[in-house]
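See below for the structure under consideration.
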């Protein structure tokens, strides 16, 4: 019974990576962002696979629900002038250099992971072990400080975002 | 004998012996009708302006209609019959709608109405259509109406929700439409005013949120109807909070107080108010002063009073000075304003602080007789209603002046009474209502407050008298400079009220007389609550 | 048939209805407004007469009709109506004088563009005034009291386009409101210690239970303080020192208003209130305060009246002085005498004001006595009636009502056990009153006309002379209600039975007192005539004989002893400073603190920069030069290209991993 | 090669894809999305290590992932706001144009 979860994992990983790769090399930004939203769903699927239901829900809510919407809005707001964003103006080769660097990082990481011996039994796939209720209790008992700080952080970030995004150029008035 | 209202009451609450298969969720409808209306207007931005105005008015008026229905039901069901109290300090909620949303987190969808809520719901029902009518000719009317309706729905949500979670959502929700209303339609400094308003209030709310997080951590409850039962029994809220640290109960109390005090506003957290009221368009100023400022006072009654009686008692002797400062400073600062809107804004600070004065006096007094406390509390409640009427009417009058002449300085006018007698008469009645002339509504509430406060804390009442005098001085000064004397240039542009404007002011003025002469009519709404003690 | 107590509320309600009709009447419906006002007053007068009959049938009985107004929890406020002889006499007086003045107004205000509004305000005033009279509750009294103030405000400012009228209206309202705040506090205090503010409630009203209160020091203190606070309200409304300043300015209003409100009725409300709560005042030590304030006011008003030139202002200060008399009477304990004087004063002062109004109307709104003159032959009825009023006011013996009522007051003051000072002050005021009224008569009616308008003056029509005649008759007859020989009025007010027989002997009881006062009146009249009667004023610009003799004193009196200036320099200044301070505090300190917090971040930035500049630059300037050279080289790497930075990081990461793995030999 | 290895490699590849996006695209929005992907890759690591940890009932890894998601959301909001602000100033979201940091 160990092959089934592995196969599931492989399927999730391949689909997610594939979609992401395609997304990142599409020209149209809107298509890009929609595909990325799909890849976030893939990541959520991974969380579900791993038994972290609540994290998966959070992933869907925050990324698929919220961030992707914000991204779409940002795209729409900034697309009034149809600029060819990929036009090469004095930045010869930056794209190739970037891809090269990313490939190097990937290589180094994969080699590092693959050569690391991990001891222990990883074949027994545990059933989901953490429920929403557990997380609630954990948040309330052990992580209340962090929760409050994150709340404040979010508030401040939101305010900051509003202020930054709506600051008008002085010349307007 | 089955009257219409008993049938209605039985229908809604399902208490009838006969089977009436009709029970609309009245409270939810009250809250969500304006929100739905607002969303409709937002979704169809290309709607014909006239249609949009009428739709807006319709949804706005729905509150008044359904609120009156709820009031009739409440009076019919509980007007004379005693209500069984389930716990000490528990307020008797009269109409309740309940549903679980996330039961494991204690977040219930829980609406309830009692005397205080119903008063404010009715006030909202009266003022909100008035605000729309006052801004009838505004540009981009569709968006304006939509945002106003959203604000109205949020305010109603605050008045009717019994669970902190939803309450807080509504509380914050009321901010954002107002932000845009001020920013888009406001005066020259509107952007600054809007930011100041939002950031000030959000800042206050952050403290409140932290406090409620602490309460939730201690009790696992967020219901306004459940939390009071933690007071004064074994394993009380204070003890649970004190488990986090000995200062936590007081900190939690102050956190909530700061959040409310900004909204009311309590001195010295009031500095956002004059500029915001002055810069906002007239309909929004009316709504801000009449309804949104009441949210703070309401929350004092709904949260601080039932949940933190001990802390309130400890803090009141100090807080009362702040309320007195607000009263005196508000009145005297108003005397120096040359911008009429700022003047009325300061007078609002003055009037709202009477409400807080009474609450703090009732809690801070070392010896309180029941009669004095009853007078103080009923005065507070009535004052909320009365201030809503008179301040909104005065803002509207200044809006009329500004609309006609484009200016609103104290010294820009003269002899308006000559060119616009009807306007002068209605504005004069509103003004005298605001300065507490007997026979009009303002006097009743101020008398009750002074009567209560005097017995509880005589010196505070005497100091507050300065505020009464100051109010008379600046309002009469306003009246003399604007309406009396020879006619000035700007005045010649002023025409008398149109029928629409009379429709706005007329009902309010009539209400002022009715409440002034027969206050029991309003008092009956919240009487049952006080009859049972606190 | 319902008893009068049940229909008592109609008496104020009818004028209120008339006020409402007046409010919605347009200028075209002017006759509707005045007609409804007049008929309401007439019906109210009829009802008042019935009420008087009922009340007199049972003097000493207080019929009440109470009802709950506000009731919440354990807190309860009741209002009520009261009928006793005091109320009934006042009702008849107010409705009768009111009716006559309304009638006079239909002529006087004929051409005014706000004719309907005028009657609306007058009716509103009458309603509120009658409300005060029938009230059985201090709260209802206060409510009507304030509405009376509002009506007075509206009527003083009736010609609102005149800046002086607008200012006078505001001054009147705010000055009386200062007193009213005292009233309010007194009322609240009373309610909080006694639990009721009903005068009479079948043995439970506070005037009935006051005698049961134990005379402990705290109770005495509290009740005295309440009495004085209530008196504050009366000070404001009745123009007593030190709040008398608004009353002369109130003469900016139309003359019928001055007659009705600022002579006959409203200003008497304070006296009425004091008489009503007399048992309360008696209990504490408030009466002494009342007596002295009254005495001071009586003298002050009379003195200032001597040097005024505006006919209405002379009468206004005379009103102040007479109200002082009434307060004095209450203070020395003879409140029935105060009410007697109130009633007689209402008639003769209304007569004088209407007479003045008649003069002013005939002389095309000339009010300065220096510009009038020689009117006696031109306006015979006005002259005759005005003379009667003048003699009543001056206290000319036996025939005129003022003599008897003033005599009653002086008699009471003489027998006051505490001090004789108020009595002597009263005597001085008697002389002065006779003196300034003689001056007024001599200047207005004798000599020759001193302006063009006056030369062509002629008598007014019946609408205006009829009220004068009726009032004149009353000004004579009313005195006989309360002569020492047959003190019917006083007995009824006190609820005593009269023995029934006339006792002429009593007139001459204590003849010394009466003879003294007759002599003093004669002295005042004589001096007045000696100075102003024999050598009459020739031209408008002539200086007053007294002015030539005592220029300094005269100027002070002419400026009303500089009270206005004094208040402007002290109270108004303080108030204005307080306002400026509040504004400043709010603008700079409170808001400033908020701004300060927001500036704090910026400030830290500045401090940081300063430290950089001062310490680093000064100390390491040379080193910095060198470093800057190196920095210039390296700063070329700072391309501003975000991708470049990120890429370098990636390369760096790869390099570190490779280096580490080589170093660790993995 | 265990399942954990697979998870980690999945995460590493996702990270690299994100990096590639951040390095090779000139649109500010896509750069930001690349960074988001890198954060997600880190979250995958947390979850993977938590799942195969000796006592997963503690839930620490999941908690960390939750907080990380919250912070990432804040970061996305601020980042996009910055991009809009840049767009206001320069009428472009090309990061090459935003080179005012140049030394």
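Quick notes
Here the chain labels run A, B, C and D in written order, and each chain numbers its own residues starting at 1.
Heads up, the rule we're going with is that a contact is a pair of C-beta atoms (placed from the backbone, for glycine too) under 8 Å apart; a residue touches a chain by one contact, two chains touch by 3 or more.
Every value quoted in this text rests on a predicted model; they were computed, and no experiment measured them.
The interface carrying the most C-beta pairs in contact is the one between chains A-D.
A straight line joining the Cα centres of subunit A and subunit D is 5 Å long.
With centres taken as mean Cα positions, subunit B sits 45 Å from subunit A. Between subunit A and subunit C, the centres computed from C-alpha atoms are 78 Å apart. Multi-chain contact residues of subunit C, defined as those touching 2 or more other chains: 641, 643, 646-647, 650. Multi-chain contact residues of subunit D (touching two or more other chains): 19, 22-23, 26, 96. Per the contact rule defined earlier, chains pair up in contact as A-B, A-C, A-D, B-C, C-D.
Contact residues on subunit A toward subunit C in their complex (touch as defined above): 91, 94, 97-98, 101-102, 104-105, 108-109, 112, 115.
Here subunit D touches subunit A in the complex through residues 1-10, 12-17, 19-27, 29-30, 32-34, 36-37, 40, 43-44, 47-48, 50-52, 54, 56-57, 59, 61-63, 65-67, 69-78, 80-85, 87-89, 91-94, 96, going by the rule given at the top. Residue ranges of subunit C in contact with subunit B, taken from their complex: 23, 68-76, 139, 142-147, 150, 157, 160-161, 163, 165-167, 169-170, 173-174, 177-178, 181, 184-185, 188-189, 191-192, 195, 575-576, 578-583, 585-586, 590-591, 593-594. Interface of subunit A with subunit B (complex): residues 132-133, 136, 140, 144, 147-148, 151-152, 155, 159, 163, 168.
Contact residues on subunit B toward subunit A in their complex (touch as defined above): 104-105, 191, 195, 199, 202, 206, 209-210, 213, 216-217, 220.
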